[in-house]
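Below you'll find the structures, each written out as structure tokens.
Look for chain A in each of the two complexes below; its partner is chain B in the first and chain C in the second.
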Partner chain A sequence: MNVLEDAHRTTAPDHARHPTAAIGHRLRQPLSAAAWPAAVAAAALLLPLFTSPYWIQVLTAAAVFSVAALGLSVLYGRVGLISLGQIAMLAVGGWTAERLGQTGALPFWLVLLATGVVTGLIGIVIGLPALRLSGLYLALITLMLAAAVTIVLTNTNFPNGGPGFLGYDPVKSGTVPLARPAVAAGDTAYFRYTVVVCVLMFLLAIAHTRGRPGRAWAAIRQSEHAAVAAGINVTLYKLWAFALACFMTGVAGALLAASAGGLTVYQFPPQESITLLAALLMAGMYHFAGAVVAGLMLKAMPALLDTWGVSGNVLLIVFGVGLVQTLVTSPEGIAGQMSRDLARLGARVGMRRTTS
Partner chain B sequence: MIEIRELTVRFGGVTPIQAMDLTLPGGACGLIGPNGAGKTTFFNVLSGFVTPATGRVLAFGDDLLALPGHRRARWGLRRTFQTEQAIEQLSVYDNVAMVHEHTGGHRRDRHRDVLTALDFVGLSVSPTAPVGALGAGERRLVELARAVVGRPRVVLLDEPAAGLPDEETGRIGAVIRRIPAELDAMTVLVDHDMSLVSACCDVTAVLDFGRIVAAGPTQEVLRDEHVVRAYLGTEEVA
Partner chain C sequence: MKTNGNRPHRSTSTRVLTVAACAALLALLATGCASTGTDAAAASSAKPSKASKCGLGNGKTATGPAIKLGAIVSDTPGLSFTDVTDMANAYFSCVNANGGIIGRPVKLVVEKDALDPQLTASLATKLIDTEKIVGFTASSSVLDCSVNAKTYEKKAVYGIDAGLALDCFNSPAIAPVNVGASYSALATAQYLLDKGAKKLVVFTSNTPGSNAINASIKELGKKAGVPVTAWVENVPVADANGLALKAAQAAGAGGGVVVNLNAGEALKVFKAIEQQGLIDQAIWGCPAGCNDQSMLQQLGSAWDGKLGVNAEMNLASSPGPDNQLYLQLRRKYAPKTQLGNFGQLGFTAARIAVQALLSIKSGDYTTATVGAAFKGVKDYRSDLYCKPWYFGTQTFHTANNTTRTITPKSGQWTQTQDCSEMPALPNNNFAKIRAYEKQIGLG
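So, the complex of A and B:
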């Protein structure tokens, strides 16, 4: 950490001068970037005191999906690589975790880590076509991979304690969730455990984007030629991004595997990745807080509509309209808009104080 | 010194560079020619973005084409782009530090080297300023600082002053002249601005339709009436 970077952190942002400047500055303002997950975590840890068991399950799922959104945010927001396979990676993470957990040999945290490593390696394989493809073609390839995962999982099912590599016993009916750690056996405790792990994933992403890979990704995102001319190994850093995104999503999938009810293939339709992209664009692709908002939009909003007696399908229409609205009026998304408004509010309060 | 031997580039039926034979002796070298002459393609060959059909490029005795693109930066090859490519999302400091950390610069020296490079190009904005907020001339200087940070050996400048007012062009010209002298790095300047080329470059080569049609001391090449009329138009050469 050098003096200059420290100085940078204390410089007041000049958001009003130039909108792009505001984006650039915020990307390099780690304090606010780290403050977001910290605030969310604090709120989430206190939340169970006020909510019903149903909402605790919903919020656990929201936390998990915010990490899937985070993976997409790193890939698309930072490196410019579009992936429509995030939900499938969540499923792969879930499968891997259940299979590893079934052996009964590993503690829960090690299951999480091992799952992340396995999905990270798969991510590198998925990343290989991304070295040649981008934009629509990459989106198509990843969506097709997601569809392939669904087809495979429909046939193999999630492990339920059966024999062999697949660990599935067709005679047994129903699903078997991954065994939870002893410290988080209850739903409320497990929710807190999930939030802590998810915050760790966010911190991992923030550490990456603030450091050497983040600078390389920013260069690749703007121009691969400029990145190569700067000495950046584009192949390495693209694969790194895929590995990181899939590692985080895999860990999230493992968390989901131990949440109430266990896993079924129907939880991971390939088109859900498109909904995830839409939600993240609305919530804010370029802000990590956007991933949190996207997770809530995907999991908490349907539950909210449900309690109000409105069909969950309405949400797709809301997302469609919201997406158009976002792209037209606030391309930075909800998180971008919010942090801009907060900065403006802060500036105004500061002005009052100096004038009075 | 860069020796180019029998360099040919083909894109389908088009041959933007044809059997190019050229020795760039060192110091500051100019490369001029009309649009589509193959100047940028030549730079792209050196950078590794374009693979030539045939030919060799020896830079200070090293076979440049044998290195993958990103390794060439570590070797000491730097470049700027016709459309300036300062990374918008990063600060001025990070733009330059990024090159330093990927070209073998030591972490211990980074802070000093980056500030030296910013000072060398005469960039007066705060190093913490986001590049997205800078003006066109300042962004050009950021790109130039990226090209000179650490230990550059060959600096390729592709129209480094394109679209800038005369005053800023003059400033950039002054910086370019100092690169060979103070950094001991040879410079290749591609530009349409004849006054910039003649002010910066000791030797100049003229490229047309992928062939070298003239090469030699800059003043002689620019005085060559054949060159002036055929490739640069008939306007007065400053």
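So, the complex of A and C:
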């Protein structure tokens, strides 16, 4: 057993380690998983009323990254497959969306969907090594794939309205963002649009985990051999997980392509996937709300630190220390801790009412 | 008496020794303190002029609400332009200590971006909508112009910046005080032709717009009837020795090579050229990014007179009053900045901005009034420039279009070519710019 597998098995909370416990947990609280994204969506739709245009842009980026984190949460938190290629997949999604959008033939929502399908198919290809590998080896392979994507993008660049398959005009300078839909041309409207799409991605992930794939993934995570013995098609469900994660991350990449500024290859360094993993472990790998917290940690926290006059680079140190603290004392992460604390609070309030 | 007669003698010699020791100690201290590009390197044989004054120069501390200007500067490991904003801030500090803008202080709100377009876009929004800045000064970001130029134009927020990307030079809202990477590479190629290069070779770091730079030099070669070999090079350079050899072979006998990489990467290539004994096989040139004190220190004497570096501003050793003020302020407020180009650009941008702000007589500083004042800057003269700078009303701006070329010599940058015009080509705006300059009486 390698190091990452070991860490996974020793740090995963009870309901992550025991599928039946997770199912029981979900049965007791059927709406809890859906309540998080719903609450976030409600807050997000109201947020623009109380915040500045700057924070709208920051929160748009946070929402996009929460979907990238969600993809990783599905892969690692639900199936136990580690992928360090999520940020590269975000870049591939961005490239695909820009190229599709450049034709001007497709409406924005169809560009999102088509991008998701393309990255989902790529996800299946990436998932092939996962059929034989896991843990550290899979992490290394996905990291190498991410590096390969970076090298390819360095040479091809993001489409900027040029001719040919690549859509890149080498003489033209600057970045060209994907055209936004007419209903979301402004930053505030686009933020709301992004949040709605992100919520749909979360609901898609929740639907999967509650259905047959979720049960299969839980069984695979627990023991691949036992899953095979139970008649689960491990190959199918592993590839399904990769396809789903990459579909969602691709859609996030498309959303990023239309956010302010366009895309450059420099914003997708392969090592950023490690930061994403660290943030997600701290935020809560085994709770979908953790993906939201991870998105905020990656994009909103640097902005907050900057507002306080502290360099955003400090965040890497904070992540390092926080990760150690999380793995040692609270493997469920911030989201798990919050969820438990809220449940306790709810129970106490309920108890008081009953008593009175 | 004898004793008395001897005492003064001993006392004098002791004092001489003490003074000599103190002088030596002070010299040592001075050497030790000047670790980042010493001003000794800026020493000039010409007698320095009296430094220019800061703003009103009345010695009164400015009070009251600050007039806010903004800047976005790239600051990532290996790619930092904070010297520009640090020196702009140094000048504003001096202005604030000398009467400010008719009594009011100026505050430069600096936001540091990385290479993330979303971050760069959000920082512009933050500066304009949250910080309520009234204009931009000394911005020096890799992505700012590409990402935000249209926003600045739409919101009518004007900037006097140090532009990096070509978009900075093609926006009605931004007037750079510098030449920029693209035109600086072009000026370097022109210098190589002036030196008699029979062929031009250029390799540019692979970033958005790098092919445009190469295309520009190809156009220059076409005009001069000289063959051009150009390619983009991925950075960081993986094989500096191979690249050096490839460039030298491509140049052939009597060819000229433009090493269009940032200072750190270019230095790797120059070291490889030196180690392989290729220095004399071609004429070597580098755009303004190489105009860097640390580059000078690391090149060594082998490159004396063998490398032409385009200089957007005058030498840091020049005796003019503006350069003397720059040196004074650097010593006082920003000693950690590198001596030379980037600091001079920030200083100049701030100086022009202050001149514009002082021209607003109403005391009302809004984006509209400051924008109008910025646009109204005409005939700004400085010993750091070859000719007057102006903002202009055109949709493209490159007022700094006449530059010098410098070369290392005995541990100092020295001028090897005096002010020369950027070549006007079909794919640049210099012909139109010069026609406009004649029209406004600066040609």
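Definition applied: the second predicted complex is superposed on the first by the 327 of 356 C-alpha atoms of A that agree within 3 Å, B and C clash if a C-alpha of one lies under 4 Å from a C-alpha of the other, contacts with A are read in each partner's own complex, and residues count from 1 in each chain.
Quick note on the criterion: a residue touches a chain if its C-beta (ideal position, glycine included) is under 8 Å from a C-beta of that chain, and two chains touch if they have at least 3 such contacts.
Source: prediction; values computed, not measured.
In the superposed model, A:226 lies in contact with chain B only, and not with chain C.
Once chain A of one complex is fitted onto chain A of the other, the partner contacts of A:212 are limited to chain B, with no touch recorded for chain C. Shared-chain residue A:335: touches no atom of chain B or chain C.
By the touch criterion stated above, A:234 is placed in contact with chain B alone, chain C being left untouched. Contacts of A:44 after superposition: neither chain B nor chain C is touched.
Contacts of A:303 after superposition on the shared chain: chain C is touched, whereas chain B is not.
On chain A, the surface touched by chain B in one complex and the surface touched by chain C in the other have no residue in common. By the touch rule above, chain A contacts chain B in their complex via residues 2-5, 7-8, 11, 14, 17-18, 20-21, 23-25, 27-28, 212, 215-216, 218-219, 221-223, 225-234. Within the complex formed with chain A, the chain C residues making contact are 111, 114-123, 125-126, 129-130, 143, 145-148, 165-167, 206, 208-212, 215, 234. By the touch rule above, chain A contacts chain C in their complex via residues 52-54, 57-58, 60-61, 154-155, 157, 160, 170-175, 177, 187, 256, 259-264, 266-267, 303, 306. The residues of chain B lying in touch with chain A in their complex are 47-49, 69-71, 73-74, 78-79, 81, 85, 87-91, 93-94, 97-99, 101-104, 110-111, 115, 126-128, 130-133, 146.
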